[in-house]
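Pasting the structures here.
Two complexes follow with subunit A in common, the first pairing it with subunit B and the second with subunit C.
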Partner chain A sequence: MARRSEQTTALLFVLPAIAMVGIFRMFPLVWGFLLSFTSGDGQGGSVWVGIDNYRQLTTDTAFHDSLINTAILLATLPVWVMLPLLLAILIHQGVPGGKLFRAVYFFPAVLSAVIIGSIFNVLLRYDGTINAALGSVGIEAVDWLGSGTTAMASLIAVALWSTFGMSVLIFMAGLSTVSSELIEAARLDGAKPAQIWWHVILPAMRPILEFVAVVTTIGVLTSMFGLIYVLTAGGPGTSTTLPEFLIWMEQGKMNRPGYASAISMVLFVGMAGLAYVQIRIMSRNANG
Partner chain B sequence: MHWVVAVPMALLALSCVYPVFFTVNNALKDNKGYILNRFGIVQDPSVQNFVDAWGRAHLGEYLFNSVTVTLGAVVLLLLTSSLAGFALAMLRFPFRRVLFIVILASLMIPVQVVLVPFYRTMMGLGLINTRFGLILAYTAFFLPFCVYLMTAFYSRLPREMVEAARMDGATLLQIWWNIMLPMGRPALLTLGILNTLYCWNDVLISLLVLQKERTVMVGIAALRGEYTTNVPLLCAGIALAAAPIILLYIFFQRQIVDGIAVGAVKG
Partner chain C sequence: MKTLVLSLALVTTALPAFATELTVWDWKSGDPAAAAYFAKAKEVFEAAHPGDTISYVMQPNDQYYTLLGTALASDGGPDLFLLNGGAQARARFENALPLDGKLGDLAANLAGTADFSEATGLYAVPLTIQGFVVYYNKALYADAGLDPAAAPKTWDDLAKVCAAFIAKGTAPCIALGNKEGFGMEFWFSAIAASLWTAQEQADFAAGNLAWTSPQVVAVLQGWVDANAAGWFPKGANSTAKFMDEYEGFMRGETGNTIGLISDVAHWKQFDEMLGAENVGVFMMPAPGGAAAKLPAAGGIGYAVNKKSPNADLAVEFAKTLASAEVLQVFFADAGAVTANTQMDTSSVTSEAAKTIFGWLATETVPMAHANASAAQLEELHRQSQTLLNGEVSVADAAAAMDKVGK
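Let's turn to the complex of A and B:
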């Protein structure tokens, strides 16, 4: 008797959490899936259009551009992972000032994308601070944010700059868990420092590398909105439009909920696999 | 050899703090002073821009909205996640494992993926343009990680504690409130700080839910559009909006570091 009522109480304890994610995330996901097969009828209602929205996507140049931009962004991922790893190794090796660097590197990561985007907008725009500085030494101004060729590069650079410190922290935490007996044993066997890094420490770091790679990928796919919103607004044209920003544009300015939902579904499918890997790593670590 | 790498690393570190200096320095200039001298240290500092940003550009109001919403969401997040974490880690009941996975699985659904239907759900529940709606939205989107962390944290505590309290006739609710909440303090502190950052810094969910009253980040984004030519005023606004976060960073670095590293490394 007591047993049963306790089980009910336990379920009630989990209920608020389940209700929150159920109502605001799971249910909208199903609804969005259904919406993606509809289109507005112009009077506030919607009509079933089958896979029309998805068919339209195949010929929508803005959508294509957003995929190409995503591909460009993903191509830079090795830098997002290897640069922090290198910095973490150097700090771990006891570079002078390392402790201070570690603390300062992740400072931009705690600032809002809006704050960072606004500051860099002031610095990078055509009549901005950097061009004024270049002008004073006789270098011609570059339209960092206004030209298709440099806008994406600027966006990526600012995003990388503002988050690399986080990966440094994660790598440092990982490095501190590598067993010192293992390193000592290798040293006694006559291994050189470089060999120890390559054959002992990096293999032990594999789970951390996996984690950083997955989390960074998810990050660049889903947390660039704030930066795009204030830094480039997706432009010029579509040159810095990523799928998440396109969804925002479609649902807001053009009022096409069905179409926006279809893009959402494509993003969801792309993300789901990655998120699955992340969840597996996290639940492995929680139970281990 | 050490100095060869230390110099570029120091420059990188400098670049991480320079924007803050740049912002505060220019916020203290007037517009003419900024245009004539963009990099130099301010000559005759004035707080007029801060006064204008606070009043004329409504940042005072926006800051108040952000404080209310962030506090509300963080309290709600901590209560729901520690309650769920306690049950998931220490109690035995049907579907325990499944429910844990379901909560974690919702990490797969970022807000962008449900933008339209999420907005409509909020609309249907009458939560659009209410601070309470934004509090619920933040709770829903930041909750899975909190539940994950609290469950992991409570799993490491001895279960005998609960048994002993139960022998003394305490109800589960009493055990949660009197034992689990105080015991969970380190994890709750970490989560409280991290989620303060997330809620304060958010712009997408806030743009969607609060369309009349703005939170401070939405306000800054708008300010950037309205005062494009008045950089010092914009800088003052940015400094006001970033100040609480910079204080958190200075006082709670340890907790932030712990919170970021958890999940990657067995804690």
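Let's turn to the complex of A and C:
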């Protein structure tokens, strides 16, 4: 009887959380999934079209370009993880002014994407500060945000600048948990500093590395909208269009919520798959 | 006595139940230049309809049609809603009340109704007329050794003007902001106006003029040729049209700009910033085309929600919004070229405005891009940017446009 009462109490405690997840996560997800099989035009004229939206995705060049751009973005992930790790190691080693660097690196993380985009708009535009600086030393101006060859790289650089401070903090927290006895033991065994880092500290940091990799992957796939909107509007052409921006275009500008939902579903499945693989690797390492 | 007091109390309590609040959606009522116009319309209407009130709800511009569509789909939504003329308006006609026979004397005094109508009738009351002309900086023309009084009339004239600007080397010839692709929208309609026949305009509007047809290809080729000839400044793809391009022109940094005739980026703003004596205007010529024309269309207009329980009252407010008395304020404050032909424009001193008003009477043709679908416009934005960068040929860009549905 007491056990049943305990279960009821426990259920009451988790009920709000379950309700929140159900209402704000699961319901929109299911609704979006159903919407992706309709020709919703934003005016109530929805008609069930089966897999037509998904079929259309196979011939939509803007969607294909957005997937290629996503692949390019994901290919830069090692930089997103290794650069903050390197900086965290340097600060952890006690470089002069380490605390100042830590604060400076973290500072962009508290700025909104719109503010960061506006700042870099001024810096990167054709008649902007960076080109003015280049011009002063005789280097020809580059249309960083308006050229198909540089726009994506510029966008990635700005996004990296604005977010890596958080990863630096996580790595520093991880570094502080590495057992000093282990390091001391390695040193007594004659290990050189580089060997200590490679064979002792980095293996101990592996769960942290994997956590940062997962969080960063999800972040770059879902949090680039603000920067794209302010810096490039997805252009030139489709060179900085990512699936999340395309979803907004289809929904917000072309009034095609059905088609936008289909893109959302593809993005969701892709991200879920990627996250699953990464979490599996993390679990395997944790258990191994 | 007691009965009288009770009756009075009952009447007083019941009065608000008869009062009606009309909800009006737009994306403009928060604009300082338009604020006095909206306030005047509310004041005039509420004075004429005691107890009834107006509630303006301004929605974000870039989400407006999505929010409107969602609201209308829920069988609710506002009593009146603002629309852009052309394709955006036609897409909402199924939610709008037919207005034929409901506007009284006002109907005979409205211009721009074609962009708010289809074969089944009129579905919105136009407020303004919108169009594209080229404004030029007379001081920079003189600086480049050109006659400030001689505005270009043909493509060759424009080529000579741009050659003079390039030779001088101090200011770009034609300002261009194409970050969102709007630069191409303006170019497309301005060139098509002077290049296409009335039949070709009609064919394009009906979706019967292919993007790969010589007439449309000529417009795209003109874009590429002008860029290759150095008429546009570098960095157009990272320059926003509605901030950077026009601000640059108003600072006197560029020779010409394709601007609007009403509301914003127009004669009133440019006169105020550059001085009226320095602002000239001409209609955009086209390569090898006939006489230049002014692409114009019904700018914005109000539709009445056909499911509104207060539709009759909403029609009355739409008439107030489009009345000459109220629009006079919009004209005075924002320089809006209104759709009401009874407007008194005699107080205008701007030479550029007088010239434009003269053209409006005789030289207007359809605004081609307003007859393209939202999907076509989006693809046009993309193709225009890659054309400027030389990443795609005109033939390939036109072929890509043809793949997008009307």
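Convention: the second predicted complex is superposed on the first by the 247 of 288 C-alpha atoms of A that agree within 3 Å, B and C clash if a C-alpha of one lies under 4 Å from a C-alpha of the other, contacts with A are read in each partner's own complex, and residues count from 1 in each chain.
Everything below uses one rule, namely that a residue touches a chain if its C-beta (ideal position, glycine included) is under 8 Å from a C-beta of that chain, and two chains touch if they have at least 3 such contacts.
Nothing here was measured: the structure is a model prediction, and the numbers come from that model.
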Touched partner set for A:A141, first subunit B, second subunit C, both or neither: second
Which of subunit B and subunit C A:L124 touches, first, second, both or neither: second
First (subunit B), second (subunit C), both or neither touched by A:F225: first
Touched partner set for A:Q251, first subunit B, second subunit C, both or neither: both
First, second, both or neither for A:F106, with subunit B first and subunit C second: first
Touched partner set for A:T61, first subunit B, second subunit C, both or neither: second
Partner chain(s) touched by A:G235 [first = subunit B, second = subunit C, both, neither]: second
First, second, both or neither for A:M26, with subunit B first and subunit C second: first
Touched subunit A residues, subunit B compared with subunit C: B
Subunit C-contacting residues of subunit A that also contact subunit B: 251
Interface residues, subunit A side, partner subunit C - complex: 41-45, 61-62, 124-127, 141, 143-148, 232-233, 235-238, 249, 251-255
Touch list for subunit C against partner subunit A, complex: 62-63, 65-66, 69-70, 72-75, 91-92, 94-95, 179-181, 233-239, 244, 374-375, 378-379, 381-383, 385-386, 388-389, 391-392, 400
In the complex with subunit B, residue positions of subunit A that touch it: 6-7, 9-11, 13-14, 16-18, 20-21, 23-29, 31-32, 35, 87, 90, 94-97, 100-101, 103-108, 110-116, 118-123, 129, 132-133, 161, 165-166, 169-170, 172-174, 177, 207-208, 211-212, 215, 222, 225-226, 229-230, 243-244, 247-248, 251, 257, 260-261, 264-265, 267-268, 271-272, 275-276, 278-279, 281-283, 285-288
Complex contacts: residues of subunit B adjacent to subunit A: 2-3, 5-6, 9-10, 12-13, 15-17, 19, 22-23, 38-39, 80-81, 83-84, 86-88, 91-96, 99-110, 112-122, 136-137, 139-141, 143-144, 147-148, 151-152, 155, 171-173, 176, 197, 200-204, 217-218, 220-221, 224, 231, 234-235, 238, 241-242, 245, 248-249, 253, 256-257, 260-261, 263-267
